[in-house]
Structure formats: structure tokens, C-alpha cells
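You will see two complexes here that share subunit A, one where it goes with subunit B and one where it goes with subunit C.
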Partner chain A sequence: MSNSHSPSTIEIVNRNLAVRYARERRFRRLGLAAVLSGFAALIFLMVTIVGDGWRAFQQGYIELEINFDAEALEIDDPADDDQWQYADYTSLIRSALRERFPALQTRKEKKLLYSLVSPGADYQLANMLVENREWLGQVQRVRLPVDDDIDVLLKGYVDETLPEDERRISNAQIELVKGLKSSGEIALGFNHIFFTAGDSREPEQAGIRGALIGSFLTLVVTLSLSFPIAVAAAIYLEEFAPRNRITDIIEVNINNLAAVPSIVFGLLGLAVFLNLFGMPRSVPLVGGIVLTLMTLPTIIISSRAALKAVPPSIREAALGLGASKMQVIFHHVLPLALPGMLTGAIIGMAQALGETAPLLMIGMVAFIVDIPAGFTDPATVLPVQIFLWSDSPERGFVERTSAAIMVLLFFLIAMNAVAVLLRRRFERRW
Partner chain B sequence: MSNPIKNPLAAEQLVADPVPSAGEPISMHPDADLSKTVGKIEVKNAKMSMRSVDVFYGDKQAIFDVNLDIARNEVIAMIGPSGCGKSTFLRCLNRMNDTIENCKVTGSVLLEGEDIYATKQDVVPLRAQVGMVFQKPNPFPKSIYDNVAYGPRIHGLAHSNVDLDEIVETSLQRAGLWSEVKDRLDQPGTGLSGGQQQRLCIARTIAVSPEVILMDEPCSALDPIATAKIEELIDELRSRFTIAIVTHSMQQAARVSNRTAYFHLGYLVEVGKTDDIFTNPNHKLTEDYITGRFG
Partner chain C sequence: MPISTLFTVILLLLAVAFYAGQRKALGFRARAQTQALPFYHGAWFAVYLIAPACAVLAVWSLLDGVLIKSMVLQSLPAQFSGASDAERELLYSEVSRLAYSRFSSTNADALQGSVGTYMSLNATSLKIKYTLSAMVMLACGAWAWLRLQPAFNARVRFERVVLALLLGSACLAIFTTVGIVFSVLFEALRFFDTVPFHEFVFGTHWSPQMSIREDQVGSSGAFGAVPLFVGTLLISAIAMTVAVPLGLLSAIYLSEYASRSFRAWAKPALEVLAGIPTVVYGFFAAITVAPLLRGFGEMLGLSVASESALAAGLVMGVMIIPFVSSLSDDVINAVPQSLRDASYALGATRSETIRQVIIPAALPGIVGGILLAVSRAIGETMIVVMAAGLSANLTINPLEAVTTVTVQIVTLLVGDQEFDSPKTLAAFALGLMLFVTTLCLNVIALKVVRKYREQYD
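And now, the complex of A and B:
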């Protein structure tokens, strides 16, 4: 019974309703736009990386009939491993090539012929023979990686319409490869070298195994140092430390440390571990210690959050039964907080896995061919390997850079997925 | 057509709080004297005996000079409006207040004549003697068996696994839960219904064979049927244990307790036989509370 001059409450509400809903719609659209633009950036990244990198998982191989002649290899004492390892396999490959194309006789023609095979193929051949020692004295058909210029040609990156002197491949080489390709003697195959070899100056001989193992060793050091230290620190700060100015300062500084640029930790590592303590350069042990310093704050913060999230009712229940403080922590609080702590640790490890800058400072940026076998062997890590390769102009390194990024992303996604799964699996509602 | 909310100001007046909130001076009871407890606080041969208990949270005093005895094998109910300090007082009896950082307790709390706040008193054995059941059922996220076995395990009460099995079985039986869970002792205690969880918590407490059991509104999170079961259980437990129960339900206090203590704004206002308190309260505040004038 309201007159026209004073509208009823419901009328006022209805009048404002449209504006309220419009605001909500606008906000929702804004949020959606934000999500979509983030998603678009991700898709763009993925498409460029995969587009550049997938070809690195393929490699051109040439099939040759190799005569493993003991005399040519100068192996007279089969018990001597050095003789097997350091025999002249290059000349074996060359004579196999000459036999395949007996018509090519001049020096220039022969040089052209030899350029088909990767300069490092003798290494593969040596490994093949060492693994199949009964081949000595036999003729075997083997597949050897082609030179990276040929690989590029096989993958169709060479513009054959360019004048001959503007490309790395001559017309004669193109002819030769075309012939071998149609007979099936040259073909693309799965690039297992990429996963089994260390770094190399030759793109077709370069692999990520060294960097992967280096990363693994570094992370082992990081995890085994940072997790126990962080958990102990978190438990002490959360459960035992009195609330006073000192603990406040510690808390503020832990949060600050989490925001310190990682290169600063690298400088610290250089100054303290290398210069002061004289620890070796370029080794996973030091890299792991530096990354420990970097990830500690992250894990401490998430561990404290996990401890805080354990409901007080559980502590009270245990205390009410007469459990001591230690028993409450180790029987009840820690088991419930552990998934959260592990999640934090995995996220910290993922962070450490992708870290480059501090490792540059302690020399893990060296060119290292050998695959590290221990914590004190010189090594590099995956992101540093990416950094190193991204500097090289060769097409083969460009695609390997992207391929290595794909491998790194795979591990990062896998680690984060494990963290999410852990959280889902052990998440409790109280 | 009349509009129910024509004037927003008028609606606001309707929700004005008729209940005095804690901390507010009780000017509505000019004759109310809080500082002197009405009724008989002493009992013969007391199990627990509290004298001049004050509790402070930082600067704020929550309990004022409370004197009270708890008799052997009695059920004493503590009632009063919310925020009046019932939980605070109850938690003094097994030093659960120690876990609250800024909480300070003064006065004396005697258990069998021994001051539990004496420096030589260890809280671990004290809490084994004075167990506690909380407002919200809080079973450990472990199996039913492990929930009950936890106390005996940490105190080393069982000499063998057979012993422990027996303790678990008798405790669950006494808590009236055995027949419901005997086939699924290995399942998580958190999977039980609310009432079953609370009985599990009671079983867990009595597995340690305490002398006193403190219960802080043990039924406030439960439905009436589960509540009835717990009350029945309290009735059975009184032959073995001394029980102090905080409740906001006067009917519950009337049903389960021998004596009732009425708290108001941190003071123990009146204590006496439950029947007397509910039929013939001596203090004006008690009367107001039990007749439902506030609460």
C-alpha cells in the first residue's frame, strides 16, 4: 500500500537489481578474458616450442656395410679394452663409403662422400663393436648418424632454389643424398643419441643425458639437504619457538629470503663454498647446496602452512590423553602435515630444476661432454644446457634447444602434477 | 497488501539484543551479588577441590575467585550463559589451559589433596588421571582400534597385544560402541557418525582408566538420539568415574547430574543439588537463567 512518492523496498531492490547483475556479468567476463589470455600465451609457447623442437627427436641415419677387419683396426689382443676403444674406426667408415660409391675417385669427390657421415660416427661404431665383439672379422650393415648439414637437408629445411654458394650443401651432395634416400640407405629415424649422449660440438652427436643426470644429482643433493632442514625449522618455529621479537625477525627474514633473486645465492655459493671452503667448481654437490639455500624458504613457508592447517582439535585430543608435546607432533601433527610439506618440497624442487642463474656463478655452465657419474664430477644441468645450446646458430642446436625445453617442461609438469595429486589425495575436510 | 519490511529502521529495532553480553555490567540485577557463591561448595571426601581460582587471558580475567569441590563418583554439571567461563574453568582441572599461550591460572586445584599446579606436578600423568572429552568429536584420523589404543600405548598400560585388545574391547563396550564397530575396528574413526565419533572419543578417554572425566558440551554437535545415547552412557560411567560436564542444555544437566554449578560472567554464582537448583534456585541470576529469561 505504498503511494507513488515513496516506493516500497521491493521496488527499490528491483530497480537496482539490473545494475547489480550487470556488474556481476562484467566481472565474470573480465575474469574469463584474463584466463583466456593466459591460456593463449601458454598455447603460443607450446606451439612454438613443439613446432621447433619435435624434429630433434628425429635424426637422419645412413646404412653402411662395415667390414670390421681386425687388421685394419689393429686389434691383436682382444683382452685389451683400449685397443677396441681407440682403434681407427673413421677409416672403416671411409672405406665403407668408398666401396659403396666406387666411381667417386678424386680427392674432392671423396671429401664430398665423407661429409655425409657425422664426424663423431666413429664413436658410435666403436660402441657397437665393443658391445658385439663377435662382429670382429665380419661384415655388418650398421646405421650411423649423418652429418647435421645432411640431417637438415633430410628434414627439408634447405632451400634448393638458392644459388649453390649461398647454402651449406652443394648440388653434388644433394644429388648424392637423393640417390641414397630413394634406395632407402638414408632415412630419418628415432634420435636415440639425443637421450643417450652428453653435450658435443656436433649437433647430431649432442644429447641431454649429461644434463639430465647433472640435474638429477643436483636435485638429490638439494632435496636431501633442504627437506630435513626445512621441516625441522618449520616444526621448531611453529611448535616450540616462543612468540617474541626474535622469532618475528626470523619469520620476516624467511619471507624475505624467498624473494631474493636467485643469482644472489649463486654469488654466495661462489664466495663461500668455492672461494672460502675450496670446494670444486661445476659439480652437482655445490650446485645442490646453492639450490638448497634457494629453496629452503619456500619449503619452510609451505611446511609451516601445513603444520598450521592441522586442526587444533587433533592436538587437543592427544594432549587430553596425556601425550607429551613430542608425541603430539610426531604421532599426529606431522603425519597430517606431511602431504602439505611434500607438496611444498616438490614445488621447491621444480623451482630448483628450472633454475639457471645461481649455477652459472659456480661454474656449472662449462662445456662438459662426459656424463657425470657422481656428485663431484663436473656437470651441467638441463636449463643451463638449454642456455648453452640456445647460443649456437646451427639448425641442429636450435631444434635441440626446443627439444630440451620440452624435456624440462615434461619434468616440471610431471612434478607439479605429483604435487597436485598429493594434495588431492590427502586433502582432508574437518 | 501490507509489506513486511516497510521501514528498515523499524526492522532493526526488532533484532536489538535482549541478552546481556559477557563483559557488560549487569545493571538489570541490582540485587545480584556475584562475588559470593550461593550454596554449599564443600563436600566430604572430595575428589577434586578448587580454591580461589582466578583465570586470566592476558589482562582479561575470565574466572573470578571460584571455590568448588567435586565429590567422588558424582556427575557435576556446569551451566551458564555462553562466554561465562565454563570451558575455561573445566580446562583448569587438567591443565589444558597450559596450551594457551597467554592464559594464567592462580589459586589451587587439588586432585586427591595434591595441587596439580604445583611445580613438581607433570601434566602427562595428570592428564592420564583427568581425561577430557571435547565439544566437537575429534577422533584421530586413524583406525577405530588405534584411536582407542593410543592412550594405553603412549602410557604403556598394556603388556602385550592381547592385553591391548582387551583394553580396546572393554573401553568400546563401556562406551556402548562395541556392538556397532566390532567388525570394522580397522576402519577410520573419522568415518563414523557424529554420535559414534563422540562415543569413540569417550572410549578413547576411558581406555586410559582416568579417575576424572571432563566433558565440555559433549552433545552440542549431536542430534537428539545420539545425545540420549551419550547421556545414558554418562549414567553408566558414574559408577567408575568422577565426571564434570559442561552443558548448555538445562534439561541435560537435570537428567545426568547430581550437582549443578551455575556460572555467570566468570563467577560461580550458585552450586547445589541438581534437583534443588532446578526446582528452587536461591540466586536471582540462577532463577532467571533456568526459567529461560536469558541464555
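And now, the complex of A and C:
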């Protein structure tokens, strides 16, 4: 038999082995390629955002010698705050510009000159003078933000080889700026306006402070509502709930709500809180309530996991010493489960911080310049601010959108890092 | 009284009540044997002093607006008697603005009487609200105070209150679902009064802009939602063709091939993709990916719309990768090691084991995960709002601009709304469709996943 020509099993296997191993290697490489393409997407995203955005942390400033002449400002009664606030600062800036360039006399040339400085610079000047009242009657060198077109030029985004009428900046402006740049009167500096101002129609005057405060107020409402409610619900479901229909319905509901699209929560907020209860539009209070409903399932699920991780021996020991069931939970189980619950809450808050869609529904997309001072002031939040700016075509806003995204991602990373640290610090193996 | 003051007063009262109850208990504890610790006496007393009064306060605050409104509307002068409901709404808001701000309107003189009624009603309501709450508080407080005796088991009573609170918190999930269903359903039904259901579901023309004046040229409002459904499905399908292979292969590689150290940092790094806010993806899709695709298409001689479905779908797919991969990872890890060992023992290579043993065994779980991912893609809003188009084209060409259900909800509802125009109500009808679809997908997916998990437990 052994001399027959039918191949033995081992021969068949050996013959195919090379092909099978090649297939094995291919499959393995395919898997690695999938993982790496995920990373590639992540890195591409990050590089684009950072590459677009880091320049927004810089802003062009022009140094001017401003003569704070009391007569020109028409401040005759220093005790009257309105006079300080509403004086004509624009003409002060203009005369300073004219004095710097006495040669430019025609209307057109002057207009060119005035276009260097941001149209909102008079507010900055007013604030400077109000803070340093002794400047009145003196000549001071101050730094004012330049117009966003000039800012874009300073950052090198303007293609000077284009024909003049296809650019937003004329050759004369470019010459003017080059002169000022070489004398050091125009320079890029840290963009503090971005962190201290509210929204604005002018890119160089727009900041994220209003959105940051709005986000903070909204998250305060969300956290103070969702954490206690989620912990209470988790305690009930994990420790008290009898196995019956109602409990089943609650559990199914929680699991489903975790997967309901966030925009549906926005519809709920619009129909119930705004229309039915007549709550005001675009305020952090309503935004916080809507986000509470949205994040509750997440926090409940992680809180239940934390409660489950506490070993039954703790409960039995406490019960054995005569504690009531409520005392067992609130005195012994809850403190042990709290770090895990907090971790879940922070992750839920990170989710709420990045959420946009439901807040659009309850009107938090309004253009709001003022910085909110309370839970019932109109406000916007950071992701919505990003959404609003992303619609603006100006280069300055594209840059600021990316910068706002960087700030948002910074906060998200910080929150997740805290969650990880908390878990490491308090994690217990029983 | 502003909310913050009210809050402080309530907190103060709670503290005082707790202290008083505890003191009383401490007093009689010296004389007789008590059923509960003084803490529980204090806590129980505080709850019974404050809770009923707060309930009265809350109910009155919710109802008084409606009551005052109907009374003010009845007091409107005769010249407005023929006004429609919408006009009456406007008149009412005019009255309230006239009353509390430096607002002037042409109707100011005619509405003088109503403004007076409004202000006096508000003042009376406020008075009644606080007097009633104070009376309820005193009555309940007195009753509770008398019950604080050595033989009274305050602990059991207080724990009952706490249990009720816990149950109430758990039931909030039910209330939320009911709230969603009713708010969406109610408005959607009003929409279906004006636009028949079959026209909405089967119509192929969507142009929700209503003409403001009768004689205006332009669209009169067409509410056929098929283009939106097709657009949503198209973008979701693109997203899934990106996310499913990449997510599944990543999960397989990470759980079967990767070394422990590679897995330890690669898995969280992939999950970062899931933590990035969708508005960031939307910006990325609109500003970076869409122009790239457009340029690429031009190179090949294809015309790619600047708001193409492809850009939104691709980016959405990237967002969903970690979702698919972590769900698949769970189910692949749940496949018992014995199945793998058996396959290796028969001489199969690793990839053969994965393809012929592990994937078939994990398939129901993977399908469940994919269904959850589809429901995610359908409900995703910001990416499509920022990167997909607004015009409702009925097409399955991924290079053209399409619009989706969520985009239309956002565009119909952002800005000023009037709650009697079909345009606004259409958003709720779309919301209903979205909710029902995702709910069905979730229920099926969760059932499949759960059933599968139990199989190997």
C-alpha cells in the first residue's frame, strides 16, 4: 500500500502549508493595517486642528502713541463713569495714526491707515483708560489689536503674488505693514483677547470666555442634578429593586435611553421645558437639565457597576452588627463605591461638555456677546461656539474655531485624565 | 423672591428643623428608651416640615401661569374678541411685556385694563402662594413635631422616605422615555392633521419653506420625507462601510494577535476617537475632508459636490470605528478559549481559527454591535449638519449633496419657531421617525447581544 501514488495526509498538509502561511500573514497584516488606519485618522485630525489653530493664540498688535486728551474725549466730570465709558476713542486712535504717518493726507490714504486697527479697538482703549485713570491728559504708548485682514497678512497667509484685486489687502497696505513691522511697531503677541472676550462679529475681537463660562454653568447644573439622581437610581436598582416587571421596564428604559440620539433629548427639552413649562430660551439652566437627562443613563450604568464591585461580605458584616439595610448602604457600601461612581460621573460630564445637538434645539445658538453671570442668563457653550464660528468664512474665524477645538479637547483630556487617576488611586481589588 | 433666595431659605429651614428635631430627641432620650437615634428624629422632622410646603410651592408655580393667562385673556377688551388663538398669544405676551418693562406698543392704551388685571393677579398669586406654603408648613410641622416621641420609630419612617426618593430617581428613566414619546408624538400628530401620514412617508418631494404671503411665488411647502430617509441611509451606509471592516479587523487584531503591551496602549488610543466631540468631526469634515475629496475628484475628472455625502459618511465612519471595535472586542473575548484550543489542535492556523470558528461563534454579538452602530449613525447630528447639504436630493450617488433627517430637524427648529406652522411641526414628525427607528434598532440589538452573552456564561 505504501507504494501507491495517493498522497498521504501529511503530504497534502505540507503542500498547502506555504499558501496557508501566506494567507495567515496577509490576514495579520490586514488587522494591523486596520488598527493603524484608525490611528492615522486620529493623527490626521489632530495635526489639522493644531496646524490650523495654534496661530489663533497669537494676534497682531500695533503700538500707538495715544494722546489721552481730556478735551478731545470730552471728559469734564471725572466722577461720571458714563463719560469715561462712552467717550469717542475711535477718533483718538485715528489721530494717533495720522500723527504717525503725517505724509498720508488724501481721504483714500487715511482710510487705508484707519483700516490697520481693529474696528473694536476703541473698547480696549476705553477699558485701558478706565483702569488707569491717571493717564488722562498724558501721552501713552499702547498696544491695540490690528484688523483681522492685517493679522492674516502678518501670519503669512496672504499670497502676495496674486493680482491685487483678488486679495482682501492692497499693495499699499502691505507696504505700510512691512514698514511698521521692520520698526517693531506691529508685531505678533499672545492673543489674550481670545481668552477674555465674548463672541464678536470681528474675528480679532472674538473670544471664548463667554462660551467657557456658559459651558461651566451648564455643567454645574448637569453635575448637581445628574450625579445624585444617578446614584440614587443605581442604589435602588442594585440594592432594593425586587425582580419584577417594573424593575425590568426601568432597566430596559435606561439601556434604551443610553442609545437614543442626543437630538431627541433636544426635542424633549424644546417641547416640555420651553413650551410647556415656559422656561427661558438659551439659558444654562435648561441646557443643564436636558444634558442631565442625556447623561443619566451613562452615570447610572457605571454607578451600578461600582456598587456591584463592592463585595457582599461588607454588607453581611454590617448587617450582622445590627445595621439596617439603609445604614449598610449609606454608611458602608456607598463610601466604598463612591470613587467608581465619581469616575463614571466625570466621563458623563465629558460627554455632556462635548454635546452640541440638543443645545441647538433649546436655542443656545444665539449670538451672545455678553458673558453670562448666572444660570438664567442667555449663554452659549463651547461646542456651540465652535459650530457658530465654523460657519464664518473669514480666515480669522477658521483659525479661532480650531483654537476653540483645542481648548475643548484640552478640557476633555483633562477630565478623562482625572477619571483615570481617580480610578488608579482608589481602585481596590477585593 | 428670586430662586437663589428661595433656595437659601429652604436650606436654612431644613437645617433649623433638623437641629430642633434632634434636640427634642436628645431631650427625651435621657428620660426614656427611644426607638431611633436622634439623627433620624431630626431628619424625619425636617422632611415633613419642608417637603409638603415645597410641593405646594412647586405645583402653584407651575399652574399659576396658565390660570393667570386664561383670566387675562378673558379680560381683554371687546375689540379683540375676534382674535385668533395665535393673535391672542401675541396679545398676552404684549400685556406681560407692557407690565414689566419699558415697552410700548400701539395697543398700549387698549390693553391698559388687561395690564392692570395681569399685575394685580400676579401680585395676588404671589401672596396666595407664600401664605399657602407657610400654612401647609406650619400644619405639617406641628403634626410632625407632636409625633416625635420616644416610642416613635423615626428611623423606619425616614428610611421609607429615602426609599421613595431612590425609587423616584430610578423611575425618572421611565418619565424621560414617556416625556420623549409624548412630546414628539403630540406635535407629530398635529402635523399629520395638516399633512397626511402617507404623503409624509411616501412623498418624494421635500421643500418645507412655506410662503409667508398668499400671493408669494415659490414653494407652498411639500413634506415628502423619502429624500431625507434615502439621504440618511446613504450617509449611514458609507459610514458603516468604513467603520465595520476597520472596527472589526482592529478588534480581531487587538484581541487575537497584538502583544499585551501593544494592546495596552493601542486600545485606549483608538477609543480617543470615540471621545472627540461630534462638532469637531463636523468641522474636520467640512473644512478638511470635503475640499480634499473635491480636489481628488477633480483630478479624476469627477464632479464632487462640496457638501458631498461621501465626506460626511467617511468622517462619521471614523467616529464609529471605536464603537464597533470595542463592542466586537467584548464578544470576541467572550468566545470560550476551549473553542480556539480545539481548532488549533486540529491544525488550523490562527487566521483560519478566527475566520471559521471565532467569527461564526461571535456573529450574533457582532451583528448586535453593528446594529447599535447603525442606530448611532442614523441619529448622528453635528457631522451631517456641518458637512452634508440642505437641499433634499433624491439620489444614491455619494458624490452629490444629500440631506438627512437630523439636518432637517436642526434647520427647521433653529431660530424662531411658531408652533402652529407645519414647518415647525414637521421637525417633530421627523423626530418621531428617528426615535422609533433607533428605538427598534436598539431593542433588537440589545436583545441579540444579551442573548448571545448568556449563551457562553
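Note that in this section the second predicted complex is superposed on the first by the 395 of 430 C-alpha atoms of A that agree within 3 Å, B and C clash if a C-alpha of one lies under 4 Å from a C-alpha of the other, contacts with A are read in each partner's own complex, and residues count from 1 in each chain.
Assume contacts are C-beta pairs under 8 Å (C-beta built on N, C-alpha and C of every residue); 3 or more make two chains touch, one makes a residue touch a chain.
A quick note: this is a predicted structure, and the numbers were derived from the prediction, not measured.
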For A:Ile405, decide between first (touching subunit B), second (touching subunit C), both and neither. second
Per-residue contact with subunit A, leading partner among subunit C and subunit B: C
Is A:Ala306 in contact with subunit B, with subunit C, with both, or with neither (first, second, both, neither)? neither
Output check: A:Leu336 vs subunit B and subunit C. Expected answer is one of first, second, both, neither. What do you get? first
I'd like to know which partner A:Ile186 touches here: subunit B for first, subunit C for second, both or neither. neither
Quick check for you: in the superposed arrangement, does A:Asn416 touch first (subunit B), second (subunit C), both or neither? second
Between subunit B (first) and subunit C (second), which does A:Leu257 come into contact with in this model arrangement: first, second, both, or neither? second
Enumerate the residues of subunit A that count as touching subunit B in its complex and touching subunit C in the other. 324
Flag every residue of subunit B that touches subunit A in the complex, lowest number first. 1-3, 5-6, 8, 94, 96, 99, 101, 123-128, 131-134, 136, 138-141, 150-151, 154-155, 201, 204-205, 208
Spell out the part of subunit C that touches subunit A in their complex, as residue ranges. 3, 62, 65, 155, 159, 162-163, 165-174, 176-177, 179-180, 183-184, 186-187, 245-250, 252-254, 256-258, 266, 269-270, 272-273, 275-284, 286-288, 318, 321-322, 325, 347, 349-352, 354-355, 372, 375-376, 378-382, 385-386, 406, 409-410, 413-414, 419, 427-428, 431, 434-435, 438-439, 442-443, 446
Touching residues (chain side subunit A, partner subunit B) in the complex: 1-2, 8-10, 243, 311, 313-324, 327, 331-332, 336, 428
Quick check on the complex: what are the subunit A residues that touch subunit C? 13, 20-21, 23-24, 27-28, 30-35, 37-39, 41-42, 45, 48-49, 52, 228-230, 232-233, 235-237, 240-241, 249-250, 252-257, 259-265, 267-268, 270-272, 275-278, 293, 296-297, 300, 324-326, 350, 353-357, 360-361, 363, 365, 376, 383-384, 386-387, 390, 398, 401-402, 405, 408-409, 412, 416
